[in-house]
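Next come two complexes built around chain A: one with chain B, the other with chain C.
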Partner chain A sequence: MDHIRWLLGRTAAALLTLLGVSVLIFAAVRAMPGSYTDLVLGPLATRSEKAAAAARFGLDRPVVEQYLYWLRNAVQGDFGTSLAARTPVATEFGDRLPVTVTLTALALALTVLIGIPLGVYTGTREGGGRGGAAGRLVSAFGMSLPEFVLGSLVVFLFTRYSLGLSVGTYVPWSQDPLGSVGSLFLPACVLAVFCVAATARTTRDAVLGVLVEPHIAAAVARGEPKGAIVRHHVLRNAAVPVLTLVATLTAYLLGGTVIIERLFNVPGLGSYLVDGLDRRDYAVVQAGVLLAAAVFITMNLLVDLVSGLVDPRIGTVGKRADA
Partner chain B sequence: MRAAAVRVRRALAMRSYDGLFRAAVWVLGVLLLVTLAGPFVGVGGQPDAIVGPRLMPPGAGWPLGTDNLGRSLLPRLLQGIGTTLLLSCLAVACTALISTALGVIAGYRGGRTAEVILRIGDVLYSFPAIVLAVLVAAVLGPGRTAALAAIVLVTVPLMTRMVGTAARAVARREFVTAARISGVRAPTIMLRHILPNVAGTVAVQGTYALSVGILVEGGLSFLGYGVQLPDASLGLLIQEGGLYMVGAPWLIVAPGVVLVAAIMAINLVGDSLRDRFEPRETRSLV
Partner chain C sequence: MTAETTPLLVIDDVVAEYRTGSRVVRALDGADLTVGRGERVGIVGESGSGKSTLGLLTGRLLPKATAYPRGRVLVDGESVLDLPPDRLARLRRERLAFVPQDPVGALDPTLRIGRQLRLALRDKPTDLVALLERVLIRDPERVLRLYPHEISGGMAQRVIVAMAMARRPALLIADEPTAALDSQVREEVLRLLFTLAAEHGTTVLWLSHDLGGVARWCDRIAVMYGGRVVEDGTTTDVLTAPQHPYTAALSAADPARAKDGTRLLTIGGTPPVLTESTPGCVFCPRCTSADDTCATARPAPRTVEGRTVLCHHPGPGGTPVPVPDGPAPKAAVPDGQEEA
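This part shows the complex of A and B:
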């Protein structure tokens, strides 16, 4: 019963946050200097021409009315029409979403396959001393490489010295699935560097945190082999923070691949969003940000649910401590 | 109060840290010194002076090469480091102030006040960092002010949450209850009893916020929404260097190396501070 109430509370809070995001993004887009009519009609348009264009897109209505209209349609999956391209935003999203999802999936696969084992390895073999310092240095280095620096470097190396993978040419999935993955491999690697370093570090910290707990000492005293202890006791208990991080990284990748998409010329959601911002394309910006925030909020909600399953104390203990 | 002072003094004693931390502090010190002293000593000459042919590799008159207009890269790099560090530090100072105030209030008051503060933070936190930054720049118009505001808005939610959590733990302790029972007023309790005990968290989170700030400034300038020409920042120099990368890679290497070194040094300092202020037993049996 406690669990269900906690679950409902979390869901309601998530929806409330999303509503807050929608208000904020709507207000921000309206607060930008320079309106759509200025950009599309140019500086020589007369007042009446501007008024006519504004009326056609409903931009002359009161802001609150515009907001409610937009929200009602957005809930039903209609994000309006791109003012610049005159195409439905939802269609464009449908075309671009697979690109960003493939990119994210590739980067995440690298992250999970490299980051978690690396973290468990360094965590269980924490000798301190030189090994520890080297590990810290490497992970700090990985986390300090901004994607625009590393990305620029990769673009340079792969264009200057033909190293096998082409840069800046995206191959659609429908044309050549393998080639599509190949064309997204480099940007995914650049994205993954930070994620791998962060995941390895968090996993290592979580493992170290579990290893000092009394039940591990008890398992050692019972004479359980080390591998079994790591598999049965450590991994499960260290899972929650790692899970949280991986979910956060997923949301970050899905909503934040703006720079990498620009750099590698990938026609995904991030580049669509920033291009929309440049053109004051209200519908695109609003829908893009709302989608990114919705992904982020949903991921966080999922993490809460899954951590509740992995660790049943969450939700009940926290509640009592709050009261 | 005195205990806090002792803790701060102990935290400042360099001897007690490991080599990595000291190296990081040295890197940051050198960067700061170079930026502050560079313009007075006139290292490398004027940033906007044209000293030679365009896109020359490093040579006698231009230690780090020349850019697409024939300007020497070295003084521009120094200017860029200065802009980036100044902007980020200023922004993080604002963040620290806002977050500490909100976090301490949320942690001490709890209940509805905390709920409102954290919920607003959640809304901001749901925006992808770089998207939020670009959005702020689009509303305010690209430039230094936009970069500053963007860094603050990106870093405030997480720091408020962290300080709030720390403050709540402190607010539950006996000495706070004792102070409350003896009739100390709430603002005094927050200032005298809660604040000194969350100082460590503020220092750790502030350090991390600084590295995020530098990243945001870089990304924003890289996308063309941050610091504008003819001004220079590390992100802007990297973006510029990217355009001439194939013919003149030195233009991107120097600012890239400095940026990575700065972020890494700050992260390492943050890690050491975290180990210091949030100690954890790490001796294990396995």
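This part shows the complex of A and C:
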């Protein structure tokens, strides 16, 4: 019962936050210097031409009225029409979102499958020593290498020497699911490098932190084998910071694949949004930012929910039982 | 089965050093202790005297960076410092049990009590409700479903005692098990611990600050100072007629034993932090009856009045501080002892 009430409260708060974000972004987009009419019609357009274009898209109405109109449609799933492409934003998102989601999911899978085991392994290695130092060096390198540098390098290597994976040709999911994943594999790897390094580092630190806790000493004193201690008593205790990081990375990936999408010519959301911003394509930017905010809020909600389940001391879910 | 004639625990001239970088702290400086089966031994001494180190040494649980330049530790005849990891883990699992100072910290905060007990005893199916009832926990079904942060320190310590005693260990090492508890709960936990130990024939090593408690529950007492056992004998002998000046001073400084209205005596100076072996007696700088011999020659164990003493001038005459008069504590037979 407490769980449901908590979830309802948090969902209501999330919706309110989204509403606030929509107001902010609506205002911010319009406050940017250079309006749609200036940028699309160019410096030579006459005043009356600009006014006609503005009237056509309703840009001459008061901002509040524009907002309410947009909000009414948005609630019904209509995010307006791209001013530049003259296509419905919702349709475009529907085409591009799966691409970005697949890319993100691939990168995340690599992150979780490589980063967490790597962190646990380096964290539980006795003393650390040379292995620990090497691990720290690799993760520092992975975290400080900019994506565009690594991405450019990969693009160069794979196009110059045709190493088996194609670069720059996206295969749609509907055509060939396996080929689609294959065409996104390289960009996902480039995206994952930072995430793997960050996850390995955070996991390692969390594991090291748990290993010095007294309940681990107690388990050692009971004669528990090392593997059992790690499985039963370390992983769960170290999970919360790692979960938080992975959730943040998810949100970051969904919104931050812009450079990689450009570099690898992937028709995802990132490139669409940047183009929209360049052209002051209000509807596109509004929908994109709202989506990013929704993703962040959902991930935070999810992390709070899961953290409360993983570590009972975090009193997010329900109330404490009486001692 | 090991022959009953071998002592359960032999700590023989052990030197233990914590090494961090270039810093060396010598926590044990030639400690000797032999404990027979079924004995209840209280180890007393100021903080930093090496009590906890001695307790952890028994299971080779000291930090990885600890060096042992000298000495050996035998549990049931097995040399603890030389065992390979798997045999060491087995020794800890089957013969030893530890009860720590902070019971709540010793439980995994993410697991319910029932789950941790099942995990800890997974190779030994146990009726957990009965197990908790043995340690006088009311409503055990409910407690099994709780998380460690939801129970009190006293209850957590009872859970720890239950977990420790479930395997019927040969040797129980309790490091100030009541330090984190309320005074009302202390006596209960001690009674539980010693009663269960008596029932299971478990030998107890109780590291304590509580001289009165040791007098009540232990038949033997070992006084530690500067990483050595400086006096070791029956509780009655040692506490009523200390032969080592440090024992006398410690006993005079025990607030529980001071008479009302009298000034509590303190031991001048602070206990040493050793970095190497001392040339003379470690207590020499704080001892009022020390002479040139004490500063230059290391005292060797000698038998005086039925106990072992590390002092050049043992005896009540050497006592610098008067022992407060009043009824001397007697080693009492704990409840349930007869059943053993």
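The rule we apply is simple: the second predicted complex is superposed on the first by the 285 of 323 C-alpha atoms of A that agree within 3 Å, B and C clash if a C-alpha of one lies under 4 Å from a C-alpha of the other, contacts with A are read in each partner's own complex, and residues count from 1 in each chain.
Everything below uses one rule, namely that contacts are C-beta pairs under 8 Å (C-beta built on N, C-alpha and C of every residue); 3 or more make two chains touch, one makes a residue touch a chain.
Remember, it's a predicted structure, so these values are computed and weren't measured experimentally.
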{"item": "Overlay on chain A: chain C relative to chain B, clash or fit", "value": "fit"}
{"item": "Which of chain B and chain C A:119 touches, first, second, both or neither", "value": "neither"}
{"item": "Which superposed partner A:215 touches (first chain B, second chain C, both, neither)", "value": "second"}
{"item": "Partner chain in contact with A:24 - chain B first, chain C second, else both or neither", "value": "first"}
{"item": "Partner chain in contact with A:152 - chain B first, chain C second, else both or neither", "value": "first"}
{"item": "Partner chain(s) touched by A:274 [first = chain B, second = chain C, both, neither]", "value": "first"}
{"item": "Which superposed partner A:223 touches (first chain B, second chain C, both, neither)", "value": "second"}
{"item": "Which of chain B and chain C A:258 touches, first, second, both or neither", "value": "first"}
{"item": "Per-residue touch tally on chain A - higher for chain B or for chain C", "value": "B"}
{"item": "Touched partner set for A:16, first chain B, second chain C, both or neither", "value": "first"}
{"item": "Least C-alpha distance (whole Å) that remains between chain C and chain B when both complexes are overlaid", "value": "7"}
{"item": "Residues of chain A that lie at the interface with chain B and also at the interface with chain C", "value": "126, 217, 220"}
{"item": "In the complex with chain A, residue positions of chain C that touch it", "value": "59, 61, 64, 86, 88-94, 96-98, 100, 102, 105-111, 119-120, 146-147, 149-152, 160, 163"}
{"item": "Chain A residues touching chain B - in the complex, by the definition given at the top", "value": "13, 16-18, 20-21, 24-25, 28, 31-33, 124, 126, 133, 136-137, 140-141, 143-149, 152-153, 155-156, 159-160, 208-209, 211-212, 216-217, 220, 226, 229-230, 234, 251-252, 255-256, 258-259, 262, 273-274, 277, 285, 288-289, 292-293, 296-297"}
{"item": "In the complex with chain A, residue positions of chain B that touch it", "value": "18-20, 119-120, 122-124, 126-131, 134-135, 138-139, 141, 211, 215, 218-219, 222-223, 235, 238-239, 241-242, 245-246, 249, 252, 256, 259-260, 263-264, 267-268, 271, 280-286"}
{"item": "In the complex, chain A residues that touch chain C", "value": "126-127, 213-215, 217-225, 228, 232-233, 236-237, 310-313, 320-323"}
